[in-house]
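Note that chain A is present in both complexes that follow, paired respectively with chain B and with chain C.
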Partner chain A sequence: MVGVADEMEVDRLEQELESGHGDVTEYLGLVRKLKLRRSANVLKHGVALLNNPSAKSKLGTDVWTIYEQVAVAALDSDDLRVAEECVKALLIKFPDSARVARLEGMWMEAKGQWKEASAIYDSVIQEIPFDSQLHKRKVAIFKAQGKLSEAAETLIKYLDTFMADHEAWRELANIYISQQMYKQAAFCFEELLLAQPGNALYHLGYAEVLYTIGGVENLRTAKKYYASTIELSGGKNLRALYGVCLCGLALSQTKLRTKEEKDNTNLQSLAAAVILKEYKDKAPNKADLVSSVLEKQKS
Partner chain B sequence: MRGDMVAGALGLLVLAHAVYSTIRYRGSLKLMEEEFVRAPPQVLLELLVSLGLCFWAALRVPGSFLPILLDAQENRVRQLSDDLDFMIFNHRGKLFAPKFEVKFRA
Partner chain C sequence: MANDLVLDTAIRDWVLVPLSLVMVLIGVLRHFVSKALQSSPTPDPKAFKESQVVIRARYLRGAANYIPLKAFRMRRTYYNNEENGLLHVPKGQAQNMQAQMFSDPNMAMDMMKKNLSMIVPQTLTFAWVNFFFSGFVTAKIPFPLTQRFRAMLQNGIDLSSVDVSYVSSRSWYFLNLFGLRGLFSLILGEENATDDTQRLMQTQMAMQMGGLGADPAKALGAEKDGLDLIQHDWVLPKIEQKAEVVLRQFLDH
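Let's turn to the complex of A and B:
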């Protein structure tokens, strides 16, 4: 999860680095902690840090973590040469480490050598069967080749063992959504909601999956989860506000409405008012467009 | 900040004085061969004052309060972390390589 304060901190550090006087170690640490994918920046500043002998010697043993981070960033930016140097340095330092073996496998993946990568992961898994990250890499291999149903199968097997891994549940939900298997995706989001009931974005995801499935019952539930997203995000999440409006519109077109729903369109009009206010504050030139869209939804 | 620290130090001093006067009071009771019932009102007053001062310092010195509500402006979740464990490398980034050269110096 990345909160507002975290996001501001990352942006501040990035700006400082751009102007040339930022703390690279702090930035890299924060990116690691928040699990952000800012590969280009990590690569650029990380390599500069590793090229600077005096800064490097100050890091002590942390330098190997940074080698690993830079290697992954280099793979993500398709800079295989830098990645190779990092992996080689790590292999010399830790020849028997499972973590470095995983990195080597990722390097194979980046080159498209799926079988070799898979072989590396398999051989390490035999020694350390409960290394969750290696299992996840095997899912990623299928995903990278576009074999989504195999990826889903592997991931389900993984989740049988590591049920509390909510990132894996989120990944499974994403895979199901891209295969248009919305009911299964909804199940994954239910698991996520149980794991982190305070996370507004999981409420939003669940609501969106239910809205996509459609049907009166699902729309009603979706509206409730959109509403809870609004509550948890302090009314700042525009997607949830639009969602409430759209659910209200879809429900008003069905005939199976309860009397309460017919009379009570308060939530919808309140959400519409907030959307309009946000647009007037932040993008005044689009406010007219938004108000006409919202007006159409009412009628 | 400095004023708060001084208030805390003053609170501790008052507390120490209260301790000292209680010990002296008990000493004098022993001399007069009377039972100890409770501390004198002056000591109780000192305790209250020191409690107040120490509270003030403890709440003010470590810094301001952080929001704990989920929907507070600072705590709001803006984005989920990118799931790096499942990251794949054959994406469009291959076609749009970063616009800078990086090189390791051996």
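Let's turn to the complex of A and C:
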């Protein structure tokens, strides 16, 4: 995780660089270490560094790491010319490296040459079958082409082996949601809840999926998970607050309510009050609109 | 002393210095040879998958109370059922570490390589020293020592009349063999292959770990028992009240 202190340090370095007297190497190193995604800045300063022969020669063997970093940043910023230069330089230096091959594949992806990229990944996977990043790139290829069902298929195959990779489960959940396969998405969210039970966003996601599936049982469970999101986020998650209201509304329309539910509408009214308070604090001009919406829900 | 031995300077030039030099060079050579022979371990697909299953099952065991009962039961059956559950290891298929070691030629090969790079050069240099320099007195330590050091310093000379501070060639070899570690870590870096003690520690550790971690069948079985034992106790039934408390606090601020 990126701490506040780290973030401030990066910002400070960025400002120094803007004013023209910062340490580029230190900045790039910190960005790498914290795994930040500040592609535009990395690209700008990295290219300047690589174009400066005297500074470049001081780097020694670190220069290749920076080539890699700048290449990824360039791909992210759609600067294919810089990416090509970096990838080619790395290919000349490390012709057999799997890491560079992956970079080349990413470059192909950026150019839209899906087949070539996929072929590169496949050949590297044959040598290193347990590189999770390569498998994930293959999923990314399908996703970039909009072939979501293929992406899901590839991802399932990946998860069959790498089943403890919860980020992959999260991606699969997102894919399923966009394909409206909510039951499968719910399964993925259950996996996520197991892996990180303290993450409020997973509780929220699970609740939303259950609410979307519908049915009294699911709505009840959804309401509980919305409530747990509220608890975990300290009441600051607006989606969860709305979710509780909506679940309460949906449940009030069904006839299968238990007595407890009939009596207990505290949570909904509290949530509505908090929503209203938030809007009054932060967007007063919308408060009237929100209060009228919430009023409608009650009646 | 009257009966002081005077060592020929030729002994210094042709025995003491070459011996030390050869020991250093052989150490360096061994480092690179064992590096070249070392094959990067490619994990076994089955073992890798099993380790992932164990991690996932451990998640389930740890956070079972955060998912609804139905979801939990479904997963437990998925892991533990007797037909094709992921954690279920059919009897007899569970092979022990020893058998696995013999069935996997890679493992045996690896061990052989390690041993070769360790033992062969040592035997050869020892034979070489023994053949050419046996019986030499190669050096003198500038301070007196007690009789107990005779076995250490005068290996290969069976004379009790020689002062203990003289070092025989074979003893010089042994002193170099064990004493050059510091020098090697200076030349080759900390993680060098010449450090036999470290390697010995590692193999011992691996042996101890082998009882628990490296035996996949056992790990799977333990996870399965753990899953069978846990009681599902959903955390959420009272969550609405808790959320209410949170929201009240939020409103009061």
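Here is the rule we use: the second predicted complex is superposed on the first by the 229 of 299 C-alpha atoms of A that agree within 3 Å, B and C clash if a C-alpha of one lies under 4 Å from a C-alpha of the other, contacts with A are read in each partner's own complex, and residues count from 1 in each chain.
Convention: contacts are C-beta pairs under 8 Å (C-beta built on N, C-alpha and C of every residue); 3 or more make two chains touch, one makes a residue touch a chain.
Computed from a predicted model, the values in this text were never measured in an experiment.
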item	value
Partner chain in contact with A:R99 - chain B first, chain C second, else both or neither	neither
First (chain B), second (chain C), both or neither touched by A:A273	second
Partner chain(s) touched by A:V47 [first = chain B, second = chain C, both, neither]	first
First, second, both or neither for A:G234, with chain B first and chain C second	both
First (chain B), second (chain C), both or neither touched by A:T221	second
Partner chain(s) touched by A:T161 [first = chain B, second = chain C, both, neither]	second
Touching partner for A:K147 - first (chain B), second (chain C), both, neither	neither
Touching partner for A:E190 - first (chain B), second (chain C), both, neither	second
Partner touching more residues of chain A, whether chain B or chain C	B
Residues of chain A at both interfaces, chain B in one complex, chain C in the other	231, 234, 236
Complex contact set, residues of chain A against chain B	1-7, 34-37, 39-40, 43-44, 47-48, 50-51, 72, 74-79, 82, 85, 106, 109-110, 112, 132-133, 136-137, 139-140, 143-144, 167-168, 170-171, 198-201, 231-234, 236
Complex interface listing, chain A residues touching chain C	129-130, 161-164, 187, 190-191, 193-195, 197, 221, 223-225, 227-228, 230-231, 234-236, 244, 264, 266-267, 270-271, 273-274, 277
Chain C - residues contacting chain A, complex	42-43, 45, 48-49, 52-53, 55-56, 59-60, 62-64, 66-68, 71, 75, 235-237, 239-240, 242-244, 246-251
Residues of chain B that touch chain A when the two form their complex	70-90, 93-94, 97-98, 100, 102-105
